[in-house]
Amino acid sequence: MTHFLHMGGYAAFVWPSYGVMLLAVVLNIIWARSVLARSRTEARRRAAIQGDSE
Amino acid sequence: MSQGPSSPLTAARLVIARDLLLAFRRPEQLLQPLAFFVMVTTLFPLSVSPELAQLRAIAPGVLWVAALLAALLALDFLFRDDAQDGTLEQYALSGQSLTWLLLGKTAAHWLLTGVPLSLMAPLMGYTLGVPASAGAGIMLTVALGSLALSFIGSIGAALTLGVRRGGVLLSILILPLAVPILIFGSRATQLAIGGEPYTAPMELLGAIVVLSFTLAPLAAAAAVRISLE
Amino acid sequence: MTWTWFHRLGSPPYVYRLAGRLTPWFGWVAAVLLLGALYDGLVIAPPDYQQGDGFRIIYVHVPAASLSLMIYTSMAVAAAVGLIWRIKVAHAAAASCAPIGASFTVVALITGSLWGKPMWGTYWVWDPRLTSELLLLFLYLGYMGLRSSFDDLQRADRASAVLAIVGVVNVPIVKYSVVWWNSLHQGSSLSLTGKDTIATPMLVPLLVSILGFTLFFAAILLMRLRAEVLRRERAASWVREALSS
Amino acid sequence: MSGSILRAENLHLWRSERHVLKGVALTVRSGELLQLTGVNGAGKTTLLRALCGLNYLEDGQVFWNERNVREDRAGFHASLVYLGHEPPLKPDLSGSENLHFWAGLRRPTTAAAIHDAMLRTGAAEFGARPVRTLSAGQRRRVALAALVLAAVPLWLLDEPTTNLDAHGQGLVAALLDAHLQAGGLAIAAVHHGLGIEPARLRELNLST
């Protein structure tokens, strides 16, 4: 297992690269979900205002 | 009394004539980009070294970066006055093709800012230790480069018209698009300074000029219509 | 029949529901593909004769770089469709693409420089691919900057659409000028992936990885698309039931 | 010029969150003036700009002589003049120079024609002075001269009598009357009546 982690001496470059990609994937998911949630609450607020004024 | 409508070409010529007349009546505004260009160029001897040999090595880059930034500064008031006093609206509603009118307007802008820059560039080049013999080459390359830049920049100026503090945004939008002009232009100037033939980069720069000359007004017209809303 | 299908893609309620149903599919298939590519690329694929295990960074760098460009192009296409046929959903798609594309560009830059260190001894080299990637990031930042400087959403859509179209026309020109500029100063150095053909056992995980990330992009795009579609719906009645579900 | 008709139906327009034009419809025939009234912010200016195509209509159509304006936008624009709050004049140019460039965009104009137009709107005596030295009322008269010079069937005027004294307002009424008599149409956003005879007058209140 340690041999695998060692990555032929390139561990210091391979793992951070995969780490950065994983971070980007996770951040994209979280960011998209929060944008959707915020947009839904805002639409709900607007729909409520629309409901009263009609 | 009413003959047929003016052709797009005469309309564009009218726009050029009017902008030149306006500039003639109030030339101070044209000095700003030139003063900025001279000032930026003089910063390099102060920061790098007074050694002419060293300055000559970086002269093309210095001249082109300074010219690029001066042109960006000038682009800020390409449409600003006409937008504020309603002239741009009349252009959009004149029944003439807005693309042709903006082509004329940007050409006039180049005559008033790009050409003076290209006349000043050899002078500033001389202060950076560039031999006077390279003057013609520098003038030609900067003139052509600033023409392409005015047209690509006109799209950015039109897009950031309705935006407050649009000047900074204009630079962010246009600089990546101006990279080819900077690359081919400074290479051509470098060859001109070295006294070598600079036709290869000039042809590439010429291609970009033709491309921006024909396509940019279309995008600028669309952008102006959006900004006028 | 196909025309009505395409026509329905323009209607916000239909797209909102469709996007909601498709997101999990894209998401899970992408996860499976990416895990497969990860295992294959890190464990099974043989090390490179020159760079040893260091070459495994391509399974992250190349997909990020190719996606950053693919996303910008699809953003420009969506923007053009929105501008020409006045379809709000297309503008919503373009708005959704930008942040995802920018994130992949940043990843491509970071993994590119992490790969550069063992190969060139320094984290940043003005290599034509890295330089073009940096300029692409500026294009994304410019697009998002312009979009955020309008308070009226409808004007932001149309202005940024013009910029995206102008940008996508310029991308190949900028790319060519950067490669031309690079070849001036040094012989054509081994660019990141090297043009020599990659052995198939190494190539398979790369293709799977690219496909996986593309599906991942699609899943995130659909989530953001739903949000952007809602933002553009003014007094539509379908919003109320959509929100209750 | 006579026999033209401008029709608009189901116009919807939003200003980010505000629904400014809610299903506006209107018809103006040759020889008629439509007065747009309503409180400030009711959308008078927005409607004028939407009709001539400056503002982007979210929904609804505008027809000029029964043809959708989108089909021949240039032709429609060639047959109208829009005058906003501020007359679009360059301060450093004289009145006649401004008119030369402004009207020249549409069709070649002669100095004589420019002079005649300025005579009609009482702008001739200060026509040679730079516009920056003119008062707001005088600038308005130069802009009105452009209307006369353009000789187009459709006038879209946004509060044409602002900064004008009683004499000036009389001038606007006379110009409009002549325009309508010749079969022209006009839509004007106003705060008070323009003194046009009721037979030719129609009104659209945007506040109700």
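We call the chains A, B, C and D, going by the order they appear; numbering starts again at 1 in every chain.
Everything below uses one rule, namely that a contact is a pair of C-beta atoms (placed from the backbone, for glycine too) under 8 Å apart; a residue touches a chain by one contact, two chains touch by 3 or more.
Please read all numbers here as calculations on a predicted model, not as lab measurements.
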Chain occupying the most central position, where position means C-alpha average: B
Taking each chain's C-alpha mean as its centre, the one farthest from chain C: D
More contacts between chains, B-C or C-D: B-C
Averaged-CA centre spacing for the pair chain D and chain C, given as whole angstrom: 48
Chain B and chain C, separation of their C-alpha mean positions in angstrom: 33
Where chain B and chain D are represented by their mean Cα positions, the distance between them in whole Å: 36
Whole-Å gap separating chain A and chain D, where each centre is the average of the chain's CA atoms: 53
Residues of chain A engaged with two or more neighbouring chains: none
Overlap residues in chain B, where contacts from two or more other chains coincide: 226, 229
Set of chain D residues in contact with two or more other chains: 56
Pairwise chain contacts under the document criterion: A-C, B-C, B-D, C-D
In the complex, chain A residues that touch chain C: 4, 7-10, 13-14, 16-18, 20-21, 24-25, 27-29, 31-33, 35-36, 38-40, 42-44, 46-47, 50-51
Chain C - residues contacting chain A, complex: 38, 42-43, 47, 51-54, 56-57, 60-61, 64, 99-100, 103-104, 106-107, 110-111, 114-115, 117-118, 216, 220, 223-224, 226-228, 230-231, 233-235, 239-240, 243
Residues of chain D that touch chain B when the two form their complex: 52-56, 74-82, 84, 86-93, 97, 101-102, 104-108, 113, 151
Chain C-touching residues of chain B, taken from the complex the two chains share: 155, 159-160, 162-164, 166, 169, 172-173, 175-177, 179-180, 183-184, 187, 204, 208, 211, 215, 219, 222-223, 226-227, 229
Residues of chain D defined as touching chain C within the complex: 14-16, 19, 56, 58
